[in-house]
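As written, the chains take the letters A, B, C and D, and residue 1 is the first residue of each chain.
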Amino acid sequence: MKRVAIISYGMTKVDKHWDKSLRRLFGEAALMAMNKVNIPKIDAIIVSNMCASDLSDQNNIGTIVADELGLTPITAYRVEAACGSGGAALLTGFSLVSSGMFEVVMVGGVEKLTDNIGKMATFSLGKAADAEYELFYGATFASLNALLMNRYMHVYGTPREAFADFAVLMHRNGSKNPYAQLPFEINREIALNSEFIADPIRLYDCAPIGDGAAVVILCPLEVASKYSDSFVEIMGIAGASDTINLGSRDDLLSLRATITAANNAYKMARITPADVDIVEIHDTFTITAAISLEDLGFCERGKFDKLLNEGAFEPGGIVAVNPSGGLKSRGHPVGATGVYQAAEITMQLLEEAGKMQVPNSEIGLTHNMGGVGSNVYVSIMRRAR
Amino acid sequence: MSVPRYWREMPYRIRLEARKCKLCNYVNYPPRTKCYKCGASEFEKYYLPQRGILLSFSIIRNPPTGFEKTTPYVIGLVELEDGTKLLTQITDVDIDEIKIGMELEQTFRRISEDGDSGIIQYGIKFRPKYLKF
Amino acid sequence: MKRVAIISYGMTKVDKHWDKSLRRLFGEAALMAMNKVNIPKIDAIIVSNMCASDLSDQNNIGTIVADELGLTPITAYRVEAACGSGGAALLTGFSLVSSGMFEVVMVGGVEKLTDNIGKMATFSLGKAADAEYELFYGATFASLNALLMNRYMHVYGTPREAFADFAVLMHRNGSKNPYAQLPFEINREIALNSEFIADPIRLYDCAPIGDGAAVVILCPLEVASKYSDSFVEIMGIAGASDTINLGSRDDLLSLRATITAANNAYKMARITPADVDIVEIHDTFTITAAISLEDLGFCERGKFDKLLNEGAFEPGGIVAVNPSGGLKSRGHPVGATGVYQAAEITMQLLEEAGKMQVPNSEIGLTHNMGGVGSNVYVSIMRRAR
Amino acid sequence: MSVPRYWREMPYRIRLEARKCKLCNYVNYPPRTKCYKCGASEFEKYYLPQRGILLSFSIIRNPPTGFEKTTPYVIGLVELEDGTKLLTQITDVDIDEIKIGMELEQTFRRISEDGDSGIIQYGIKFRPKYLKF
């Protein structure tokens, strides 16, 4: 099992890119990643995407992006795990390199949510949930997460304001990110008074809808210095699933897939949560952030609001959470989000994050989730010297 | 939703039929090929209890296609008397009277109307156990 | 890089399974595979599927099938490469085992094409082609293949009857396959007089539309005997892409992705086409069969009709082609087809194929294609003793 | 098809704009981010020639949605005078007069009608070089 490095990354701004097609968006991120390093060849592309079939009438995205980059006839295919697609693609790329099957593998995610009409994007995103036993009853993706939020506040007595405060922190982070979709600050009142999406979830509890593409390039650690002066090692990577239905879960206030994936990734990397300096977590909704930080081992259960108030999730605290602004402010180009996270952690560890930079970061973690925790991918990176 | 898709799940959605594991007695709902708790694949037919309590809920004001006529409506997660949990709609109640922990019972209702296939879809919703007059 | 074995397989009959959902269909094939061997655990599932988002309103299929089998919280996700999805999933499963990341990996494909209304299935299958530069002009998937067929007959002077004769052979093979969707014999006249789908392609040049699921279980070769008395080794496996547009191809009568994938797989397995006893090739259309047999090295270019007449593609000839009946008679549950092929070759090499059995088969090959050759996966298996 | 999707590709579908590689001169059509032949990413704007010959064709009698009004119609692969090939519709010709090798020229036409977005889509078709009267 070869050790694996990330030697380059690229991304587009997350935005409503009316003027760019799915393939051109991917091309832009890939070009940035390819131009940063001196790579003679790419041997394979793994591309993550959720909604292109619904919203762009296009499957076979592996071929589409290989062709766009003039890289045919290399091996290229798509990985899908709803919003967790990017994490699943990274795990696939890791294994293709680790096994020795390929030397240089591009892992990229792309999502184009604005190429459609009416309610199609919302309908398409709902397909992460159980069509027969959740969507059938009129459940929306936001409302399923709202069930967790209501329950969380009921059991722990957490004030509503805590969730607004997390959104405020994310927007403060994201305001420094040139790739963010919503790079502006907000305050608690704006968040608390924004429109209801699915009570108790309001607009500023939610990630926005936008287009984007992100790319990382992997190769064996042993040859990384051949291609690049600076790179990170993927020390641990793991994925896990949970029941598709919330009704089958034993515990509504913890997401078993996060716990399983995180434990396996920590074990593989031989570290504990205390060793992690920065994380990019999957805060589709503010409630998801709270539960995820607990499940990842950065927060005692039910103590999210207390630690948030104490600044535990900012640089200098327990762990710097989402310096990118997270899904809330950077944006959530669904199938690409997991790859954005890997690119952002790489950028941070290589001290190339500009105004977003969290100083002295040695170890970073990504946490990418599909559905309401029905799949989760965690990866752990360390700066290599 | 196509007719076969609707028709195929009727025993589970209308009669709340589940699969009870012959090995460990866990109630698999919706039914699975192999048991969630022990992985066995022998089951007996089992019908879920008709009553339970509300674990959590959410109010939907911006509905998917087919649910416009009953908007706003409430979805809830209900824990039945045998401990089985299911997602459903909560009905026959004012939105501001809904509380976590309230007692509920099942009732047969129209769920949605599908414009594409032209079928009206029925299923079980839950309502407060003691209706007010 | 660990060597990898297939220790079990399972499949459903390909059919219009009105009474079975996507997850139940997968469950049926998986149960058959799990019951054939004594496996204490499955560590990961890779599931291939193309159309569930369009036709069953469901993504996140990895979680759906892991949940159906009571296997959460294991790692589970979907791979998509249009009609080549199954081959891409097999390559992914191979790498997960070969890298040492997982010990026992289930690779399964499932497709449910009959859960929809009107023209949706045809529209969904078309998404293997270029939405912007092929579908835009009203091209259908059959018509793109028809371009190859017209050109092939024009350049080589091949008689129309040759293609009908291939369909006759496939139906003869499939009539012995209990899992085939169309297990009946036809004659040349039936094929030649069937209705036009996209001239010159007629109904009996095409694979039918149907539902199905197939599963194989992989583990390291070194531990295979722990789990099963009989197994095969995957000696070689490779994937390749080609331009999404037919217009960008240098040669219309050869599919570069097949040539690249086949050459890489032969090289990895250290064999030549002459060593192969049986193949399951991707004959979505009779023309695809002709070109594929040439590109795989079993037939000189333009000599398809001559060799077919001589019995070269039957047991005792150059290579036994599609003992299952191929896509034409066994059926083509799109995202599952590549896994069906792997299961069928395993069944043959283990001499468990009943009436379909091709005697004394030592080495078998699968050839799975997405789009009009825009991606191809080839794998080579050998009986292990 | 949504309006942005239609609008975005207009230069390539209506003016047949391509990207000619500055390094190797290969004409990339449809345009790519990196050249198909050499992988370079610098291009100059280039318009495809208006004439070519028919490499192959197929007749569609069972059309996708939006193409019903012109059914049956013919799709063809055309090799232009500079060697670039493209997929298009062949029009203004009797179906049984179409032959591989025939000379064609481009013409601007309605391609399809999209019921969902309500837009009519235009593009280039090819027709026999010398029209009959």
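Methods note: contacts are C-beta pairs under 8 Å (C-beta built on N, C-alpha and C of every residue); 3 or more make two chains touch, one makes a residue touch a chain.
Note that the structure is a prediction, hence the values are computed from the model and not measured.
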item: Comparison of A-B and A-D (more C-beta pairs in contact); value: A-B
item: Chain whose mean Cα position lies farthest from chain C; value: B
item: Whole-Å separation of chain centres (CA-atom averages), chain B against chain C; value: 39
item: Chain A and chain C: spacing of chain centres that average the CA atoms, whole Å; value: 33
item: Residues of chain B whose C-beta touches two or more other chains; value: 1, 5, 9, 36
item: Residues of chain A engaged with two or more neighbouring chains; value: 21, 56-57, 67, 71-72, 126, 130, 132, 135, 243, 245, 248
item: Chain C-facing residues of chain D, complex; value: 1, 5, 9, 13, 29-30, 36, 55-67, 73, 75-77, 84-89, 100, 111-112, 121, 123
item: Chain C - residues contacting chain D, complex; value: 119, 122-123, 126, 130, 132-140, 142-144, 146-148, 150-151, 154, 196-201, 243, 245-249, 252
item: Chain D partner contacts - residues on chain A that touch it in the complex; value: 18-21, 23-24, 27-28, 30-31, 56-57, 67-72, 114-117
item: Touching residues (chain side chain C, partner chain A) in the complex; value: 1-2, 21, 44, 50-51, 53-54, 56-64, 66-67, 71-82, 84-85, 88, 91-92, 94-96, 98-101, 124, 126-132, 135, 238-245, 248, 256-257, 260, 370-371, 374-375
item: Complex contacts: residues of chain D adjacent to chain A; value: 1-2, 4-5, 8-9, 28, 32-39, 41, 116-117
